[in-house]
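All chains are identified by letter, namely A, B and C, in their written order; residue positions are counted from 1 within each chain.
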Amino acid sequence: MGIALGELAVRFGCQLSGDPDVVVDHVAPLQSAGPGALSFLANPRLASQLSATRASAVVLEPRSAAACPVAALIAPNPHALFARIATVLHPPPPLRPGIHPTAIVDARAQVDASCEIGAYTVIAADAVIGPRCVIGTACQVGEGAHIGADCRLLSRVTLEHGVRLGARALVHSGAVIGSDGFGLARDGGRWLKVPQVGGVRIGDDVEIGANTTIDRGAMDDTVISDGVKLDNQIQVGHNVTIGAHTAIAACTGISGSVRIGERCMIAGACGLSGHIEIGNDVVLTGMSMVAHSVPKPGVYTSVIPVEPIRHWWRVLTTLKMLAARERHGAAGQPRPHSMQQESNDE
Amino acid sequence: MGIALGELAVRFGCQLSGDPDVVVDHVAPLQSAGPGALSFLANPRLASQLSATRASAVVLEPRSAAACPVAALIAPNPHALFARIATVLHPPPPLRPGIHPTAIVDARAQVDASCEIGAYTVIAADAVIGPRCVIGTACQVGEGAHIGADCRLLSRVTLEHGVRLGARALVHSGAVIGSDGFGLARDGGRWLKVPQVGGVRIGDDVEIGANTTIDRGAMDDTVISDGVKLDNQIQVGHNVTIGAHTAIAACTGISGSVRIGERCMIAGACGLSGHIEIGNDVVLTGMSMVAHSVPKPGVYTSVIPVEPIRHWWRVLTTLKMLAARERHGAAGQPRPHSMQQESNDE
Amino acid sequence: MGIALGELAVRFGCQLSGDPDVVVDHVAPLQSAGPGALSFLANPRLASQLSATRASAVVLEPRSAAACPVAALIAPNPHALFARIATVLHPPPPLRPGIHPTAIVDARAQVDASCEIGAYTVIAADAVIGPRCVIGTACQVGEGAHIGADCRLLSRVTLEHGVRLGARALVHSGAVIGSDGFGLARDGGRWLKVPQVGGVRIGDDVEIGANTTIDRGAMDDTVISDGVKLDNQIQVGHNVTIGAHTAIAACTGISGSVRIGERCMIAGACGLSGHIEIGNDVVLTGMSMVAHSVPKPGVYTSVIPVEPIRHWWRVLTTLKMLAARERHGAAGQPRPHSMQQESNDE
């Protein structure tokens, strides 16, 4: 679907430099873009890519406009403008209302007539699916689950019983929402399962990545607020609360009963210990470990970047020697030393 | 299903404080509990929640009984008592024996007549499924797989060929049991696959979380002992052995041929290097890295909690500086920290 | 299928010590092997296992041959030889060409007549599946996806639209290939989705583990080169490039736009920050964090192995104390210093 730059400028209220009749019909990176492509200057330091681009137009910020060799759509937040235009140029596949003959919809489920339900999907009793939803192939919608309007579930998504999804959710393949929390009581040397009778409540405009798992609450609900974005392979434990517009990157694990504030940005592979509280606007860098509450906004990290292995062992050995020296005092008498000896000191 | 407190006290052998005719029919947290609710005081420090509760009864330990404003069921291990009663109040959905017409059961598979087999589940030749199992929708039970009595598999669980599950297993959606181990032989600059011909043997009373993966052995079996509890998104490599009643939280990765003892508690997102041995009763805190064997009981960690990023970089810089100083430094002469000496070393 | 040692020696060009008429028909570990078993001495330090073995024959390297009490197949790289022979003794199940009656193949899809397509698998329009592929049960092959010759997908593998798999791919259960990258633009306090319009291109001879996820590119493709081996539960972000013959162990997370070279070995649970470059022949130990590019070959780590918790806290406390002392100074003299300078010492 081609759109003229003039129309885009009007529709999105941005400035246009260049011929308003030029038409774009897809997005492409600066380096590989050709005729018809709309491109995007993500980073002003990539000016060399800009000067060589063959895109029909580029979305960029005002200070980069002069250097643009082709037409430009100019906005103070070019990334957001680009996202909006790309969504118009590359819309999701059109809705084809209807229930695939192999889908199994319980007689007591309510599926809006405008929905598209894929092959081999199973929708249990008392489930409710709002208008214009697309449920892909091989999904399971459990008993009493509710799905709001305009949601899109890709293939083999599982919503266990009673899970509630708001409007406009996008759930990627393999996600499991509403599995039991890891609730165990120790009884002598054994474990007793604690039934997990809470639910999962998910707000509007939430995205959930492939193979991500979200556990149901033990007694209360697990809560994912409006606008939260979860990447792939994230684990959300029981009774976690995630505040609105928080984004979490792949492989992060959130232990039970953690409370995360609004507008946080949590990078990939972080770990959050149980029962802690993360305030609003907290940023965590990748692979950080959060063992205590972090109430105040800011950027937090515990990252240790790799080094050549021999160098790293020297660093680690030094640290342990210094720790021993502090402990034994005597202002730094060096001692022959090994990790093993250290342990035996205990 | 309502039960009188007096009946619960008799059935579970615990002390009752209050009216034995009071009936409870569900569990709820102290703060939100209302009439009919049985609640639970997890932590004596939450006494303020106890004093304000509107639950019909609370499970707690003896020292908290006096402060309870409502009826109390009293036990030295209230968490275990609560788990037992909650299991009575919130039983799993009743078994509905029968094979869904869309399930495909190979003529050479043996499925006990008391089982419930869900829609779109595929059971291959020579699979054996014991009495009273519930196999959810879209599961795959591979050739020659054995499932003991009273197991419950939720949706789209995959048991690859030959996997053996004991009695009373609970396997959550998306789990894959019996996938190939990561066995590769280097051959010049390329990799050759080493066929993975071992199996997976899982004991009784094991729980396996959503999207968890357990690899089959290379030649011998991967072994999960009785009473082991695995949370979501855990990876168990080939030939791993996990001892009885060990519990492992989400996102932990266990490399091949690791041997873990009994009654261990391994928190979330830990990593265990290949071929190491963890003794009985070892506790690992979250995100710990185990690179060497840990034979003795105890609590082990390598956690580094987050700090504000500027502060953290200072810590890391200091560490590296000290390592460099030790390295260059005058054969172990302790030195006061000063710029001058540092400069002379460089 | 039994094969005589003499035949194996000829076929694989290795030296034989012992009776060429001895027949082996399966592989087994040294300790548990019995008649008919071919075993393998992985590590010369396990010589005691070798001397006690009851295997019919053992694959080993020349320096271990003298100590072998049974027949031996001798090669400079015994692991590779063993992999080759084991593949002959334990071939994958034979191909049974045909499309299961419950599989749904779009009229516009092209499935080679030699393929085996499992129950409840759905193949969308314009998908192309090459000769001799085995697609297991409950897989989804999206619109326009291409699968090369001789591929094997186990159960419930999802290939989203347009994904391209080369020849001889082996994809384990639950893998999701071609899910949306985590592309978001911040807009005030909210997130806008950036449509992910790139694809995924996967070379020949690639293995992909259970529940691994590989995101499609934002605009360009995500690229996995020939011979790459990915273990279970790996996350590959959008626009990642992985060079030929690189092997990556389970639970590793690779952020968007990372470029990884050829023949790298990345252990389990590593984390790679976005937009960095890893050169050829780089080795990362388990749970390492890579925050910056690593252009040169070598072994890199940031591992901190566990210690008893009380000891560990002392180490951590010391580190922070030293950091504070450095900062406030030997008489408060601030010193110019940076990690960069430190690194330049090497």
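By our rule, contacts are C-beta pairs under 8 Å (C-beta built on N, C-alpha and C of every residue); 3 or more make two chains touch, one makes a residue touch a chain.
Remember, it's a predicted structure, so these values are computed and weren't measured experimentally.
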Over half shared or under half: which fits the residue numbers at the contact of copies chain B and chain C, same or different? different
Compute the rotation angle for the C-alpha superposition of chain A onto chain B, expressed as a multiple of 5 degrees. 120
Note: chain C sits from chain B at a C-alpha centroid distance in Å of 25
Tell me, which residues of chain C touch at least two other chains? 120, 138, 156, 174, 211, 233, 251, 285, 303-304, 307-308, 319, 322
Over in the complex, which chain C residues touch chain A? Could you list them? 104, 120, 122, 138, 140, 156, 158, 160, 174, 176, 179-180, 182-187, 189-195, 197, 211, 213, 215, 219-220, 233, 235, 237, 251, 253, 255, 271, 273, 284-285, 288-292, 294, 298-304, 307-308, 310-311, 314-315, 317-319, 321-322, 346
Once bound in the complex, which stretches of chain C touch chain B? 26-29, 32, 77, 79-80, 82-84, 86-87, 89-90, 102, 118-120, 136-138, 154-156, 170, 172-174, 207, 209-211, 227, 229, 231-233, 245, 247, 249-251, 262-263, 267-269, 285-287, 303-309, 312, 316, 319-320, 322-323, 325-327, 329-330, 333, 335, 337-339, 342, 345
